[in-house]
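Have a look at this one before I ask anything.
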Amino acid sequence: MLTIIAGTNRKNSTTLKIAKFYQQRLAAKNVSSTIMDLAQLPTDFVFSALYENSGKHEVFNQFRKQITDSQQLVFIVPEYNGSYPGVLKSFIDGLQYPDGLKGKEVALVGLSAGVLGGAWALSHLTDILHFLNVDVISVKVRLASIKSHFVDGEITNPLYNELLEMQIEKLMLNNTTIYNIS
Amino acid sequence: MLTIIAGTNRKNSTTLKIAKFYQQRLAAKNVSSTIMDLAQLPTDFVFSALYENSGKHEVFNQFRKQITDSQQLVFIVPEYNGSYPGVLKSFIDGLQYPDGLKGKEVALVGLSAGVLGGAWALSHLTDILHFLNVDVISVKVRLASIKSHFVDGEITNPLYNELLEMQIEKLMLNNTTIYNIS
Amino acid sequence: MLTIIAGTNRKNSTTLKIAKFYQQRLAAKNVSSTIMDLAQLPTDFVFSALYENSGKHEVFNQFRKQITDSQQLVFIVPEYNGSYPGVLKSFIDGLQYPDGLKGKEVALVGLSAGVLGGAWALSHLTDILHFLNVDVISVKVRLASIKSHFVDGEITNPLYNELLEMQIEKLMLNNTTIYNIS
Amino acid sequence: MLTIIAGTNRKNSTTLKIAKFYQQRLAAKNVSSTIMDLAQLPTDFVFSALYENSGKHEVFNQFRKQITDSQQLVFIVPEYNGSYPGVLKSFIDGLQYPDGLKGKEVALVGLSAGVLGGAWALSHLTDILHFLNVDVISVKVRLASIKSHFVDGEITNPLYNELLEMQIEKLMLNNTTIYNIS
């Protein structure tokens, strides 16, 4: 299973729209995927699903199971204060420790209003993911100045599309969910 | 004002105990400080105090005000999954944007059960803080293998104490809250 | 071909000894490898083989060719001043640009006299390698306090050996140089 | 003394031109500075001035002395392969260990043909400098797409100039070389 994580809990986020666009790009290659929207997390999960409550929160456990069942993950990561949103790290902090992500393959996509496209966000996440023995696809996509390059649900910048294509091809090498549409 | 932030919402954390130890060390030099314990944050602040709710949450605003009123901050940062706790970044994401921390001076202390002492946690935070135009004291203290070196509320490792001393001296150069006890 | 790069130009380095140990570990699994010792680089290569001289230095070109012919690389990286040795980055700066390393698979091993084991060195190299579209094996080995754990050419720390084993197994998944010794 | 380091050994580099521009900006505020051009280093210094030769190379020692005599340093850092040039790190590796930079104040300026402006280069350098107990000014300037924004020796991008101004003002707080021109 391949899950695309919209990495913020902001409502109606561009991040979620990018996740949907990514899903369409995968579907165009006959790759099935599911979107996980962090805006749907229990609002107090940072307190009610971590530490002494780890593994005991019924709703959060459904998110955990979705991760457990996924061999591949795509993180869509908006740049907040120069790095990733805290809620995304809290979500990781709430997964089964220390093996909740181990051995999975992750693709990273950053987006930002500014020029960096989440350069540090993706770099910091890579440190974390490698620490947890997660494979990170070398092609990381940084969608900078997103408002100029994402219009009506489509990426309009050719370079961005090319990089997304390269990343998706890497994902497909190890993907087991390509369905037969015929 | 100098505020020491216990950078996790885990209950009865070693992080909070280190914060208290740090406060004592400051007090021994006649430097007044206040502890801010992230375990006291509203449990749903990541949803109820960010984005469209930014600045509207009465309880969270008290945390914001404490930060605004502080010229100096000490972050006590436990290592979670190779970096800082997500809740600490969410707290920063909830501050007034983009100037909530601008111009303040920050000291960083990491702690870990393992050997790194939060090396990446402090490095990632530095990226974020510099992005926000916050001064970061060059002496960063990494309290690795904390269980062996923090006993009965005291740091027992001489090197750790020496580094803390160096950091506190740097803080004192710009501190305005040294009180006259005579 | 698999090449192990001893990532310093220091003479008689522990780094080179670790490279030889790594080669033995690979050989024990019937994986053939070659060691590249940066101490053998032309002494003025940073001036005579880069920029306007790129590709024109006969001796340096032999190093380039060795890299070109290798599908897999193992970097043995001593920690100098908190990161990797400058000479290792200069070596990368001297490779064919921008595709000299593209598509290769790299394993990273850090070593240090101190407690970090090259944590930042490997992190910084990962940023560089991902920028160049190089696959980095998620298992990174940090050989901290190396003097206590590397005796008579053997790693004596069981955890270190276990991590090296994990990394080598990852390398073997994509390796094409396993020879038949029978 | 304030020294501006042109952080590459490439001949006739844009980096050196930016260093000269920075010097003019300082001079306009009556701050005296000296430029150190790494292109003037002995061509084999990575071999002849490090390790067993540390401190024994007469010409390299003049560079060391210049650093020792400087209380403030400005690093002008071009982005090579996603980070800083190897030669800049080798230069740091050749300084007196471990105290060659301790206690100095450093300002960082990155430049790149691409969009990052040396974001990682400056981040990696900060890790190194903090490891060495060097103060890093929080305002880091990233001069991205430099060819469009540096014309005839002048920065034409108003935001870039504003950031440089902010950085220089920080430098001036601790500067002792402001001369009296009257």
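In order of appearance the chains are A, B, C and D, and numbering begins at 1 in each one.
Note that a contact is a pair of C-beta atoms (placed from the backbone, for glycine too) under 8 Å apart; a residue touches a chain by one contact, two chains touch by 3 or more.
Quantities reported herein were computed from a predicted structural model and do not represent experimental measurements.
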Ask   = Can we say the copies chain C and chain D touch using the same residue numbers, with more than half in common, or are the two sides different?
value = same
Message = Looking at chain pairs A-B and A-D, which one is connected by more C-beta pairs in contact?
response = A-B
Message = If I compare contact pairs by residue number, which of A-C, A-D or B-D overlaps with B-C on over half of them?
response = A-D
Query = Among the chains, which one keeps its Cα centre farthest from the Cα centre of chain A?
reply = D
Request  = Give, as an integer number of Å, the spacing between the C-alpha centres of chain C and chain A.
outcome  = 31
Query = Just how far, in Å, is the C-alpha centre of chain B from the one of chain A?
reply = 29
Task = Determine the centre-to-centre distance between chain A and chain D, using the mean Cα coordinates as centres, and give it in whole Å.
result = 37
Ask   = Residues of chain A touching 2+ other chains?
value = 120, 123, 127, 130
Query = Which part of chain B faces chain C closely enough to touch in the complex?
reply = 115-117, 119-120, 123, 144
Ask   = Which residues of chain B touch chain D in the complex?
value = 123, 126-127, 129-130, 133-136, 138-140
Task = Would you pull the chain D residues touching chain C in the complex into a rising list?
result = 9-11, 43-44, 46-48, 50-52, 80-93, 97-98, 120, 124, 127-128, 130-132
